[in-house]
Amino acid sequence: MTSVKPLPQYLVTRYHGWKATTFAENHAWYRRLATEGQRPRAMVISCCDSRVHVTSIFGADQGEFFIHRNIANLVPPYEPDGNQHGTSAAIEFAVTSLQVAHLIVLGHSLCGGVKGCYDMCSGNAPELEEKSSFVGRWMDLLRPGFERLSEGSDEDRQTQLEYEAVRTSLDNLMTFPFVREAVEADRLSLHGCHNDIAEGGLKMLNPRTEDFEPV
Amino acid sequence: MTSVKPLPQYLVTRYHGWKATTFAENHAWYRRLATEGQRPRAMVISCCDSRVHVTSIFGADQGEFFIHRNIANLVPPYEPDGNQHGTSAAIEFAVTSLQVAHLIVLGHSLCGGVKGCYDMCSGNAPELEEKSSFVGRWMDLLRPGFERLSEGSDEDRQTQLEYEAVRTSLDNLMTFPFVREAVEADRLSLHGCHNDIAEGGLKMLNPRTEDFEPV
Amino acid sequence: MTSVKPLPQYLVTRYHGWKATTFAENHAWYRRLATEGQRPRAMVISCCDSRVHVTSIFGADQGEFFIHRNIANLVPPYEPDGNQHGTSAAIEFAVTSLQVAHLIVLGHSLCGGVKGCYDMCSGNAPELEEKSSFVGRWMDLLRPGFERLSEGSDEDRQTQLEYEAVRTSLDNLMTFPFVREAVEADRLSLHGCHNDIAEGGLKMLNPRTEDFEPV
Amino acid sequence: MTSVKPLPQYLVTRYHGWKATTFAENHAWYRRLATEGQRPRAMVISCCDSRVHVTSIFGADQGEFFIHRNIANLVPPYEPDGNQHGTSAAIEFAVTSLQVAHLIVLGHSLCGGVKGCYDMCSGNAPELEEKSSFVGRWMDLLRPGFERLSEGSDEDRQTQLEYEAVRTSLDNLMTFPFVREAVEADRLSLHGCHNDIAEGGLKMLNPRTEDFEPV
C-alpha cells in the first residue's frame, strides 16, 4: 500500500465542515437511513462527467436516488455469461432488491465518451479501435446508434448520438427479464433525459414522438 | 419506446427550481465548463448507494470530481480482453484523458453489495452463486477479501469486508499500466476512505499501518 | 541589495514542513496547475488585513481563487489614462485573460482603512489629508460613501462605511467596459460580502433590498 | 445593484462548515484579534495568481501576515503625486501604522503578468502597448528589468524576469522614505523569495550574491 497517500487536507477540512453542519442538522435522518436501510424511489444512470450533478438538478437529498455513473450513461444488453458486468449488477440490485419505482437514464451535452465514439466510428480515432482500449470497447455499445444518425454538422450529429446513447440504454434495459417484468407489471417506469451543460437545459424523451423535448 | 414514461412531475418541478436559482446564479461558470471542458482535480469511485453523497461530504461543486459509482465501489483487475469493462473504461478516461491528480476510492458502512458478498461467501446466499446473478458475479471480485477476514462478529466482519473492498480496489488499480505509470511518475495519487452512514464518520486508509483511521 | 536579509528561520522551517506534507500529498495537482495553467472559478477582492482568510472561509484550495488584496478592498473607477493602476490591472487580467465566472468583493469589520477614511472625512485625521499620504489618497475613493452615511453612533457609521466600500467597488466595477460587457453577456456575476472578524459572521449584499444580510 | 447576484450556494455551504469548525475552535483568538486589533509580524507582497498560497507555504494563520496581492508582486517607485496608488497605500499602512517587522516580496514561476511583460518588451504583444491596457501599463514597471536580462532561452529569460520583478520591488521599496528609515533604524527587514509552482520550490534572494538560492 505504499502507493496510497493521505487524503488532501482541503478535503479533510471540508469534510469536518460538512460533519458539523449538514450532517449535524440531519443526524436523525441519516441514522434512520442506517438502521432501516435505504429506500430510494428512483435509480439514476448518468455519466461520470464532473459537470453533471444529478442530485442538484433534481433537488435530491440523501436516500432519494440510487445512482450508477459510468462513461456515457450506457446500459449493455442482457448477457448472463458469468462474467463481471458492473452496470448490470447495479441495475439488478436496484430493481430486484431495492425495487425502485423509476429508472432514469440521464444523458448530457458535450459528452467526452460519446465524442470518442463519434470519432472512432468516423475513422478519426484509431487508438480507440485497439482491443486494449477500455473506452473504445465500452463505446462499442453505441456503434449501432452511430449507424442511425441522420445527416448534419458534426456538432449536430454528436448531439444526436448523445440522444442515441439514452435510447440505446433504454432499449437494452428492456432486454433484462427482471426489468421487463417489473415494467410490464407496472412496478417500474423508465425515463430518458438529456441535460444541456451550458444552458442548464433538460430534455425528456417523449415516448409518443420518440424525440427529446424540453421539460 | 412504449415502455418509456414522462418524468415524474415532482422532479420536473424541482428541476425548474434549480434552473431558476442555482443554475441562474452560476450560469457563467457552467457555460465556461461547457466551452472549455471539464478539468476535475479528482476521480471518486464510490458506491451507488443512495445514502452516499460524495459531493456533499467533500463540499464539492460542478466540475470538481469525476465520479464513477458502482456496486460496492469495486475496481476489477486489469483485463484487456476486448470485452466491455465499464469501470475500467471510466478509470482509463479519467487517468489518460482528463489526467486527474487524485483517485479516491470511497467505501461506506452498511453496504448492501458487501453484505451480499459476505452472505454468499458464508454459504447463506445460494442465489448469488448462480451464473446469471450479476450482483453475485460482480461481488466475486471481493471473494479474496473475504478469505482475509479475521475472526469476529458478523457485524465486525462485514465492516472489515467493506475495508477490504477499498483495499482490493486500490490494489487492482495498480494493475492498470496507465495507473501505475502515473502513480510512479507522481502525476496521480491514490486514496482510500470509508464513510460511516449513521454517524457521518470518515476514515482514511493509513498507508503505513494499512488500517483505516478517523480523519 | 545590502538592505535585504535572509528569510526568518521560523518561516523557512514551516516552509520545509509544508513541502514535506501538503505539497508532497498534492504534487500531481500542483504540477498540473503548472503545466496547464490556472483556471480559477472566481476572483476575490479583499482587504490586506491579516485577520481576513479568504481561502479558509470558503474552503478553497490551490487554483480556485484569483485573489487581489488591497487596503479596504476598493476598486477605483475606470480610468484608462496610461498611469499605473494595480487594482484595475488585476481585474483586467482576471476578466479578460482568465475569464473568471464570479467576482466577489469581500469587506470586513474593524477595517483600519475604512476607519482612516471615516476619521479623515470627520476632520479628525488631518495627516491623511496630506497630498503625500498614500492611504489618504487611496481612501478618497470612499469619500462619496461617507456622504451617504445615515445618522448613528460612530461604530454604526463605520460599519455602514464598510458596507459602502463594498457597494462602491461593485459600482465602480460596472464602469469598466470589459466587466459590464461580461456581466451583461452573463459570462460574469458580481457578489458583495462582509465578514465579521469577532463573530465569524458573513453577510451578503442582497441585490433587491441593497442591504447586507446574513448568508 | 441589479448586476449583483447572491453568492453561489457551494460557497455559502462551505462557509457554514468553516464557521462551525475552524472558527468555533478559534473563537477566543478571533475575538481577541477583533478587540485588540491585528498585530501582524510581516507584510507579504505576492501575486494574485490562484496557485500561490502564501499562508499555506508559510504555515501562517489568522493575524500573522498583512498580505497585499497584485499582478506580478510589483512595487512601484515612491511617487507622492496625490494620485491613487493602491500598492503604496498598503505599504504605508503596514510600515507606519502596523509597524510590521518583515516585508517579504514573494514571486513565483509561470507568472502570467511577467510573461505578458516579456512578450510586450519582445514586441510580441502590441495590445499590451495600448494606453488603455491596465496590465500593460502596470507591467511597464518591469521594463527596466527586461533590459537587464542576459541571453538564454525564452523560458530561462522569463524565469530571470520573475527574479527581476522581485529585485525591482525591493529596490523600489527603498525609495519610500518611511521604508528606508525603518530599514536603516533596524525596525524592518526586507526579504525576496520565489516560489516554483510545479515542484513546490522556494528560493530566497541572497543579499551577498544577489542571486536566488534554494532555502
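Should a chain be cited, it is by its letter among A, B, C and D, assigned in written order, with residues numbered from 1 in that chain.
Going forward, a residue touches a chain if its C-beta (ideal position, glycine included) is under 8 Å from a C-beta of that chain, and two chains touch if they have at least 3 such contacts.
In this text, all values refer to a predicted model and were calculated from it rather than measured experimentally.
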Inset, instruction - If you tally contacting C-beta pairs, which comes out ahead, B-D or C-D? Let me know. - result: C-D
Inset, instruction - Could you give the separation in Å between the centres of chain B and chain D, each centre being the mean of its C-alpha atoms? - result: 41
Inset, instruction - Find the geometric centre of each of chain A and chain D from their Cα atoms only, then give the gap between the two centres in Å, rounded to an integer. - result: 46
Inset, instruction - Return the distance between the CA-based centres of chain C and chain D, expressed in whole Å. - result: 14
Inset, instruction - Indicate the residues of chain C shared as contacts by at least two other chains. - result: 22, 25-27, 29, 31, 59-61, 63, 102, 189
Inset, instruction - Report the topology of the inter-chain touch graph, choosing from line, ring, star, complete and other. - result: complete
Inset, instruction - Provide the residue numbers of chain D that touch chain C in the complex, in ascending order. - result: 1-8, 11-12, 14-19, 22-24, 27, 30-31, 33-35, 37-38, 40, 43, 48-51, 53, 55-71, 74, 76, 80-94, 97-98, 102, 104, 109-110, 112-113, 131-135, 137-141, 167, 170, 174, 183, 189-193, 197-200, 202, 204-207, 210, 215
Inset, instruction - Spell out the residues on chain A that touch chain D in their complex, using ranges where they run on. - result: 13-14, 16-18, 20-22, 24
Inset, instruction - Over in the complex, which chain D residues touch chain B? Could you list them? - result: 5-6, 8-10, 13-14, 17
Inset, instruction - Sort out for me which residues of chain C touch chain A in the complex. - result: 22, 25-26, 29, 59-61
Inset, instruction - Provide the residue numbers of chain C that touch chain B in the complex, in ascending order. - result: 25-29, 31-32, 36, 39, 41, 59, 63, 99, 101-102, 182, 186-189
